[in-house]
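Heads up, the next two complexes both have chain A, just with different partners, chain B and then chain C.
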Partner chain A sequence: MTLLVQAIWGGVLFGAVYGLMALGLTLVWGAVRFLNLAHGAIFTVGAYAAYWVVSSLNLPILIALPFGVLVAAAFSYLMHLALIRPVLGKPGFDNSTLIATVGISISVSAAAILIFNPEYKVVPAVLPGYFVISGVQITNQGLLVIATSLALFLLVYLFLTYTRQGMAVRAVSQQMEAASLMSIPVERTYGMVIAISGALAGLAGVLLSPFFFLNPNSGFNPMIQALIVTIFGGLGSIRGALVAGFVLGIFESFVEVFYGVAWAQPGVFVLIILMLILRPNGLFGIGEVRRL
Partner chain B sequence: MLEVKGLSAGYAGSEVLHGIDLVVNEHEGVIVLGPNGHGKSTLLRAITGLLRPTAGQVFFNGKEITRWRPDVIAAAGVVHIPQGDLLFPEMTVTENLLMGAFHRPTWGERKERLDRVYELWPWLKDRGGQLTRTLSGGERRMLALGRGLMSKAEILLIDEPSLGLTPLTTQQIYASIQKVKESGIALLLADENANHVAGLADRVYLLETGSLVREGPADTLLKDQALLESYLG
Partner chain C sequence: MSSVTVAAPTRPALDEAAAPWKRVPLYAIGGTIVGGIVLPLVLVRLDIGTYLITLLILFFIQAVVAQAWNLIMGYGGIYSFAQVALFAVGGWTSGVLVHSLGWNPFVAVLFSPIVAAIAALGIGLPTLRLRGVYVVLLTLAFHQLARVFTVTGPRFISGGGYGLVTVQTFSFGDNVIGDQRTIYLYYLAGFMFAIATFVIWRVIHSPLGVAVSALRDSETYGVSRGINQFRIRLLLFVISAFFTGLAGGYATHYNGGISTTIFDFPRIIDLLAMIVIGGWGTFAGPILGAGIVIGLDQYLVALGDYRELLLGLIIAGIAVFAPQGLWPVIRGLYEKYLAPEAPPPPAPARSEGTS
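Now for the complex of A and B:
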């Protein structure tokens, strides 16, 4: 019983974490068609911003959290202004953005070492404390992460489906030229999506750092996981990111609990390889033709 | 209302339009007639900012709009219904229409504007939830026109409304455009067929290899069969 509860709790928590990271990544892919390999770096930026507020300004994490989210969104938007917007719609867009975002990732970890130091930092939990269900420790922060992740999926879905700006995001992603003829500012819409995605990464950074500690490369693993989830769910699909996050999270957790940690990652990759053989565009893949 | 002066434009170094001068007055229906590949689409694209002109100027209500972004030009009231419709394929019929009213001041009136479009084409209301990519060619054309009409267009630029349609659908489309014109919106229509435009046109320009070679009132120019045949074949 303990093992089962442990597997389920771990799985749901992993799933929520993966989903939260994948949401921002898939949103940018679906709307702008660029693979943001700086997503992990933005996660790190948000986490360090929150850490700085807590450690240097001695303010509570509840103030540091929105600050971290804002800094991450602003960072993301600046990245859009400096590196994405100049190459929008130009030949070589894919290559330039891919290389630029890898460059940003490297710069961010180097900057984190210079500004802070390479040591592990502790970011406090927003909701400290835990309770125990049949021997398994359920942390309040974990519950918060699960609830936040689900709420954000719902919010992003509602935003894209029902709001004027959200519909414009889909319009721009499906037919850029027609969108501009409908008086939709294409570049600003892209900027907005990238900033929202950055805010999501920053939020993930602040909320997840209490689990993993914070270091200059903190964002790397979550981003790789998010990339796997996004590919599994189908690049660009919001629903796919949600389902894939939980499927992979729960699968990994069960393998880990019942067959040992050593099998967890290989198990996930076997699952993904099988899935990609069966459905090359991912679970809910929108492929090359369809968009958001 | 819309004035084009000495407009030149092209693609990657090869000039397509050579010094176009053109005027559309308020409530006027102006047709640019010309065979395929002579620059009709390029002209419309250069006016609405999709293509950056290499020379010349475009004025709308006295203001120069030559190097404005397409979305700003559209917001000002110059609305371009492009060739091939360019609908949003994964959005529903209603969502496509709503995007026509994206501009903030128009968005507040989207319900009334939807009703006006539904008066022209009631099926758009009944099938509002359908994904656009599943529509037929004629339906797509009507939706593209409807989406353009959702905006506060003072002038509509329509690129070949009959392209790829059956004769019956073509008739319906031109009848709808006629109604649009009667509602007071000015029209600049690019077409390669003189037969459909008779009722719509006040004035006609003939476009040949990127230059306007003739201009005149529709009732005389469109009756000159010899002239039309020599230009349009």
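Now for the complex of A and C:
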């Protein structure tokens, strides 16, 4: 019983975490059609910004959290201005942005080593404390992550469906030329999507660091997991990211609890390879025509 | 009964004038080879000569890996991030054969490329039918799996959490030591580099290479002309892995071990920097890039952690603002000022006489 509860709790928590990371990634892919390999770096930027506020300014984490999110969004927007806008719509866009984002993530982790140091940092939990259900320790921070993740999925969904800005994003993602003919500011829309995605990554960074600790490369693994979730759910599909996050999280957690930690990652990889063979577009993949 | 016999499809004769190997003067190749052979004999008489020779060996190893990566990434458009993992496969193969089975390093190193090629087949079969992003993910996944396996795998293979730390190095007999041994190692690495460069050059200029470029430039057109995309990409991937594995095997016996730190990000960064700085999708680009990165490395090391910050920014900057890299620039300069006999420019139609 304890094992089962542990597996389910771990799975739901992992699922929420993966979903939170994958949401930003899938949003950018769906709208701008570029794979942001700097997503993990933005995660790190947000987490370090919050850590800096907490450790150097001695402010509570509740102030550090929005600060981290804002810094991550600003960083992401700057990246858009410097590296993505210049090549928008040009041939070789995929190439350039893919390599450029790898370059950015290299620089961010190097900068993190320079400004802070390579040691592991502890970002305090927003909601400390825990309670115990049948021998399994359930942290309040974990519950907060799950709630935040679900709420953000809902928010992003509502944003895309009902607001003017959201409709602009969908229009641009479907037909860039037509959208710009309808006087939708394409570049600004892209910038907005990238900034939102950055904010989501930053939020994930601040909320998840109490679980994983913070070091200059700590964004890498969450990013890989987010990539897997995004592809499993179908690139560019928000519903897919949500479902796939929980499916993969629970799968990984069960493998981990019943077969050992060493098999968790290989198991997930086997699952994703099977998925790509059976349904190359992912769970909710919608091909090339409609996204988001 | 029709008496018309269907003629077998004939290929048009190869245009000899267009053959790329005719464009490279034999003197240049011969000069490079002779220079490469004589160079260590001269260098060894200098004070820092041995150091320079070891730098050159490092250059040979890295250039082979960078060229192989460029072959699939720059030419093939396959965003494989499994390059370092394949290098490690080669290294571990040879390392295990020597370390755990007691083989001779010279024999064991021959098996590295073969095993790496088989591993590439294993990665390629599920991966290469997919497109860009999926390939990135699955190859990164392979990288992670290989790392996990080397750290936690059976001791017989992984050698424990730090990798294979004591593998017998190449030995050329008991009386070959010191500088003499370094020179022999240099020749071995140079030989490997020469073979890899030659084969990759031929691959690029073969029908296979032309098909690859066609697929990269316009996939729809290439496929509609009857190119089997999957087969071509798989073949290219295996060729690339072959030389990557060879370099890995050599590096293991050169360094006397292979550590799990090889999977750390800096290795990928260095290789990527070589390709991007030198020239993405050009033949000489990665060689030039390897030369630049390794040549500058001793100065960059002094920068400490700023080194990676700088490399990352350079990669990002070049990728966006000069995606061609440095090689086309140098080539342009060469053709402008030094090329022996430039083809006569097409005479412009004169509309008005000036003098």
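Throughout what follows, the second predicted complex is superposed on the first by the 292 of 292 C-alpha atoms of A that agree within 3 Å, B and C clash if a C-alpha of one lies under 4 Å from a C-alpha of the other, contacts with A are read in each partner's own complex, and residues count from 1 in each chain.
Keep in mind that, in the parts below, a contact is a pair of C-beta atoms (placed from the backbone, for glycine too) under 8 Å apart; a residue touches a chain by one contact, two chains touch by 3 or more.
Treat the numbers as computed from the prediction; the structure is a model and nothing was measured.
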Contact-wise, after the overlay, does A:L3 reach chain B, chain C, both or neither (first, second, both, neither)? neither
Partner chain in contact with A:L81 - chain B first, chain C second, else both or neither: neither
Quick check on the superposed pair: does A:A151 touch chain B, chain C, both, or neither? Answer first, second, both or neither. neither
State whether A:I133 touches chain B only (first), chain C only (second), both chains, or neither. neither
Quick check on the superposed pair: does A:V186 touch chain B, chain C, both, or neither? Answer first, second, both or neither. first
Where does A:D94 make contact in the superposed view: on chain B (first), on chain C (second), on both, or on neither? second
Which partner chains sit in contact with A:S109 here, chain B, chain C, both or neither? Use first/second/both/neither. second
What residues of chain A sit close enough to touch chain B in their complex? 164, 167-168, 170-171, 174-175, 177-186, 290-292
Quick check on the complex: what are the chain A residues that touch chain C? 29, 35, 37, 82-83, 86-87, 92, 94-111, 113-114, 217, 220, 224, 227-228, 231, 235, 262, 265-266, 269, 272-273, 276-277, 280
Quick check: in the complex, which residue numbers of chain B touch chain A? 48-50, 69-72, 74-75, 79-82, 86-91, 95, 98-100, 102-103, 107, 147, 151
Quick check: in the complex, which residue numbers of chain C touch chain A? 79, 126, 130, 132-134, 136-138, 140-141, 144-145, 148, 152, 265, 269, 272, 276, 280, 305-309, 311-317, 319-321, 323
